[in-house]
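One chain, chain A, appears in both complexes that follow, with chain B as partner in the first and chain C in the second.
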Partner chain A sequence: MAMIRNHLSTIIISILTAAMGVIAAIAFGKMHHPEVLYPSASLTSKGMLSDYFDGITGTNGDTEVYLYDSGVAGGTALLCGGTHANEAASFLSTVVILENLRVTCGRVIIIPRLNNSAFTCSDPMEGFPSSYEIPTKNGTRVFRLGSRVTNPLDQWPDPLVFAQYPSNQQLSGFETRNINRAYPGRPDGTLTEKVAYAIIQIIKKENVNIAFDLHESSPEVPIVNVIVYNEKYEDIAMNAVLGLEMAGLQFSPETSPKNFHGLSHREWGDYTNAIPFLMETSNPSMGRLRGETNVDLVLRGDCDNYKKAKETGALRIAYREETGEPIEHRVGRHIMGFIELINSYNYYYPEMQIVVENLPDYDMIMENGVGEYLKN
Partner chain B sequence: MIVAILILFFTSLSVEAQKFKQPVLISSAGQSADVKLVKMLAQRQGLNATTILMAKSADLTGFKTLIIVPGFSSKGLGAAGISQQEEMERVKALIKSANDLKIPIVMIHIGGSARRQGQSDAFNQIVAENSKSMLVVKQGDEDGFFTTISKAKNIPLTLVVKIAETEIPLGNFFK
Partner chain C sequence: MSIELIIFICMLATFALSIFLLKMPAGVSLMLAAVVGALTGGQGIPARHLVEGGFGFLEAILIISTAMIFMRVMQETGALAGVSRGILKLFYRQPTLLIIVITVFVMFPGMLTGLSSTCILTTGALIAPILINIGMQRLAVGALIAMAAVFGEVAPPISIPVMIIGGGVDMPYIGFGLPLLLVSMPPALITALYFRYRYLRDYNVVKVKQYLDSTEDEKYGLKLYLPIVFVILYMIGEIRFHEYVPHLGVPLIFILGTLLGLLTRKGVRLIDVSRKALSSAMPVMAILVGVGMFLQILALTGVRGYLAVTALGLPEGIRYLAAGLMPFMGSAYGSASIIGVPLVYVFIGKSTLVVTAVLVLMAALGDLMPPPALICAYSAQIIEEKNHFKILKTCLIPIAISMTIGILILVFAQEISNLIL
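Showing the complex of A and B:
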């Protein structure tokens, strides 16, 4: 009798476990379906990154590439979001540009999820929400919040020490899945290195003149609210910083360190003819001092811990006590940075102009919210 | 009080009248990135200017004005591979040579509060006190640091709100 009872409970527990497994599998599977984006009417074609390197065909590293060709001879810009899929304003700024952009001279190529694999998981032990919602005129859009690095299901195990290729620079094993340490990549490397290699190929094959890599970072790190530039292109960066300052936005110019390898602003500039810029906004949800980690913190970016930390004056912290660092502010900064850097580039390369129009400026986004500029 | 107002009046008048000659050497004191923005501002104004981040006395040859942009940056010093003390010695020597050669020094401080106090003020002070004119973004003078030096040493001080607004007064120095 006792044995039957024992078996019965085993069966019930097994069935319940299986049911939970199925529910979890469905939820988990959804993470592998990217949200639908609604490109503006200027879009001329859509392809995949594997069109430039077929070594990533059929992998989770393959990602959408959107091309906007004005048909008027000029330069080519590449805009990348989602290098780090946990940096909401990086992806979202790219989406706003993708859904509003009009190009009247030259071309713009947009890769919204540069590390696509990283959008299919979140960072363990960080308590990050896996998605966030933005209200729009027609309802609500849901966006994935992913991980800083490639999904371990796509690349495993990590080495104890990561030797960056080809510099052989030693980094912690975890960084082997960080695509912003993987450039220039290699065709026979890890998935992350293959995707990095594919990015270098698209820059070369499309003759990209200016390339953007959008990021966010913790308020307490030194590289925040910055434009990082490759030293070859200092003038373009400085000119843009002054233009942005006139528009009321402070960006610190930061030179790309010469001996820190694998980063976009270093290797895109050294291995291709593109002029690379990386921008960072301040995102309290990514910081070590943050409190409860939830969607509210990701979107509103206000956090009492950072307010207190700033008030002590012990650390230099990029946090605005009165307003926090809301998503509108962060997306507005990225879009203005994109516009001003292109303006500055056009000043130095008038024969290879890229003219972008119809993008909301900082004040418009602050006033109307990000959702106002999302289609559907 | 009236005397003070008169002094201020004449100080501002002398700002209008103050002229410097080209070519211009631009250098840093403390190796903050601000000097790169000043280089860009000078370029926008079409000045005949050369920027040497760690200019030494010998570099002054042929220049008629020295612009120094003070502001401490440990990162900048790290990139240059020198210590704070070495940088201070270089700055002192450069200032002394400029004074000996009668090359006027113009100080441009654009870094705001981030380039004040801490390790920056020693650089700010020595450059400000040895300058013939100061151009300062207001946020860096909220405590009156530069205003005090300006009054004590009778050095004209131009205050602007934004970094980009230093461009016109900078250009006017040479027109």
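Showing the complex of A and C:
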């Protein structure tokens, strides 16, 4: 008894710690259950990324690949979401396209969770919610909000300094788990490098002509509301930017920096024949200046802090004071960007057409909400 | 008053009350502050967020624990003693140079681990008797070691406060070598000179020679130094020659160094050494867990954003004052995370690398300050002084000099960056 009394505080703290650990473990465990997706009737086959590089078979890096083949000869598009699993509109835009797409010429390949491992964890000290809900016609769909980088349970420890392969460009150790610094990847590298290598393989083996990587960014970051393009394909980007402007959407065209390696818009263009584009929307829930971090901020994108920060004039901030940056706006921009870039590509490559239909445009999504275009 | 400010005040008040009234350790106080912040912010007790935040510095905790074991083993094998005797033998004829070299030597473990207390407990503990024996006042010895430990925490290649600030503003830990040297070495040099000319006026070469002769130790051989050489070379190799050197990670490098150390001399018991090392590192590791939770709740409740936006709106003069207040936050890691992160935004327009380096110097000086005054407390143990605030008092002038240097570098951060980067 005396011993128990002496160690009472230790016992109480241990029990509390264990209880907290169990509650947290249950919450983190839920992140390992992928959300069910409902591809449109046009889907012709579903495979795994490991079909293209078996080095990731059985790992958390392996991810679903959806193929929509019109059966009509044409080009092939690759659409990737979830490069950074904390960028909600990136994943959600891909899901909306996946669940509504009709292809009448050529093929479209969709990888909604490009860094699948990153969906199984969140970023410490950021306070992000682990999931968010979208109301649909038939109920509510729950989607996970993951991390920017591969789960450390799948790849650890990080080096002090990450030397990007093969450029040898040096970045902080943390970036070793960022798949958008890992291209072209390598078959015997880290998990992240292997997944990057698998993406390069799918682009090569499926003769992908045009490829999309969807992202979101903090409003205070300079590269936001942009289409980033490899310098070889400036005409297609500019033509699409004009088309988007006609639809009332402003996108800044940005050339992929030649000396910043490992990014999709740089390496997909340099290591394959695909024409790569990366799009960024402005997401206040990712910004450092954000207020309370919650699902409401992720979905409504309305944040007083950004209004105030913009008023100080100290920073260039991509934030609309009147409306905020709601998920409908962000998903709508991504889908319109996808459509316009495909149209522009078709203009320059009429012999390798890709025709996509049945996708909601920006106005439809703004009017009806994202949930209207999600099945179930 | 905004809700974020109320939450922040509640968190700081809880932290202060916990330390002063409840006499709780700093780490536990930070955890309590995080819980109170979450409750005030209407989040209940968010177990997932608290646990997630607590793991935010797992890597740093592993580095600290393995590095502490390694340094203890080096102490037990006699390698560190050998190095310190070697320094004395080499430089005893030139006392000014000797004090400078000793200062850098004490800084060394902190440079490798990013942890100031490592310096006190290892190289500091070894060098203290030597300094006392060559005639330096006891309190001055404690103060010099404490100051050197702070500069060691700031100096490259590993600076955890930079990583903490970098983690808060999405800034990679790259390109900090020169800026960190700039903010750590000049103050370290001036501090060394200050202690040399104020507290070692009566230096007597003959007496020191006699001391060296009387304490001639057994010869261990060069193999004792193999683990230190291995750890340094492997870390450099991993960064510079990553194509050929397999990536192990810093904790594993220290573990291998420790095992190598055990092979160099018989009789060193790993269990005992590990227990001692982890026991001394525990308060700091607890602070890191607490800081992680604190930061998570700051982000969750919007206090972090509120502080950053408020800082953005400050007039320029007050911004420098805010930087000058950083040492008074009571711990380097706490100060770096709470004030350092928004201050980086405040000084946007100046070189972020140089600004961050200065903020880290300011934050690191916080390790000397109450309420925890952890470094002064460790240092007081080494020199057997009961009142660790006497150490702090002896440090006041070097602290003021260091802060002045820091503010000057901050004011001219962009110009300095143009020159050195």
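By our rule, the second predicted complex is superposed on the first by the 349 of 376 C-alpha atoms of A that agree within 3 Å, B and C clash if a C-alpha of one lies under 4 Å from a C-alpha of the other, contacts with A are read in each partner's own complex, and residues count from 1 in each chain.
Just so it is clear, a contact is a pair of C-beta atoms (placed from the backbone, for glycine too) under 8 Å apart; a residue touches a chain by one contact, two chains touch by 3 or more.
Quick caveat: nothing in here was measured; it's all calculated off a predicted structure.
Visitor: Regarding the shared-chain residue A:288, is it in contact with chain B (first), chain C (second), both, or neither?
Guide: In the superposed model, A:288 contacts chain C only, not chain B.
Visitor: May I ask you to decide whether A:238 touches chain B, chain C, both, or neither, giving the answer as first, second, both or neither?
Guide: A:238 contacts chain B only, not chain C.
Visitor: Considering only the touch criterion stated at the top, classify A:246 as touching first (chain B), second (chain C), both, or neither.
Guide: first
Visitor: Give the label of whichever partner, chain B or chain C, reaches more residues of chain A.
Guide: Counting contacted residues of chain A, the larger count belongs to C.
Visitor: A:131 in the overlay: touching chain B, chain C, both, or neither? Say first, second, both or neither.
Guide: neither
Visitor: So in the superposed three-chain picture, is A:160 touching just chain B, just chain C, both, or none of them (first/second/both/neither)?
Guide: second
Visitor: Once the structures are superposed on A, label A:312 by its partner contacts, choosing first (chain B), second (chain C), both or neither.
Guide: Touch partner of A:312: chain C, not chain B.
Visitor: Does the superposition put A:59 against chain B (first), chain C (second), both, or neither?
Guide: neither
Visitor: For chain A, give the residues common to its interface with chain B and its interface with chain C.
Guide: none
Visitor: Quick one: which bits of chain B touch chain A in the complex? Just the residue numbers, please.
Guide: 33, 36-37, 39-41, 43-44, 75, 79, 114, 162-164, 167
Visitor: Which chain A residues qualify as touching chain C in the complex?
Guide: Result: residues 19-21, 23-24, 27-28, 122, 124-127, 130, 156-161, 163, 170-175, 218, 287-293, 303, 305, 308-309, 312, 314-315 of chain A touch chain C.
Visitor: Using the touch definition up top, name the residues of chain C that touch chain A in the complex.
Guide: That would be residues 4, 41, 47-53, 55-56, 59, 62, 157-158, 166-170, 172-174, 235, 238-239, 242, 247, 249-252, 292, 295-302, 304-306, 308-309, 312-313, 341, 345, 348 of chain C.
Visitor: Tell me, which parts of chain A touch chain B in their complex?
Guide: 222, 234-235, 238-239, 241-243, 245-246, 252-255, 257, 316
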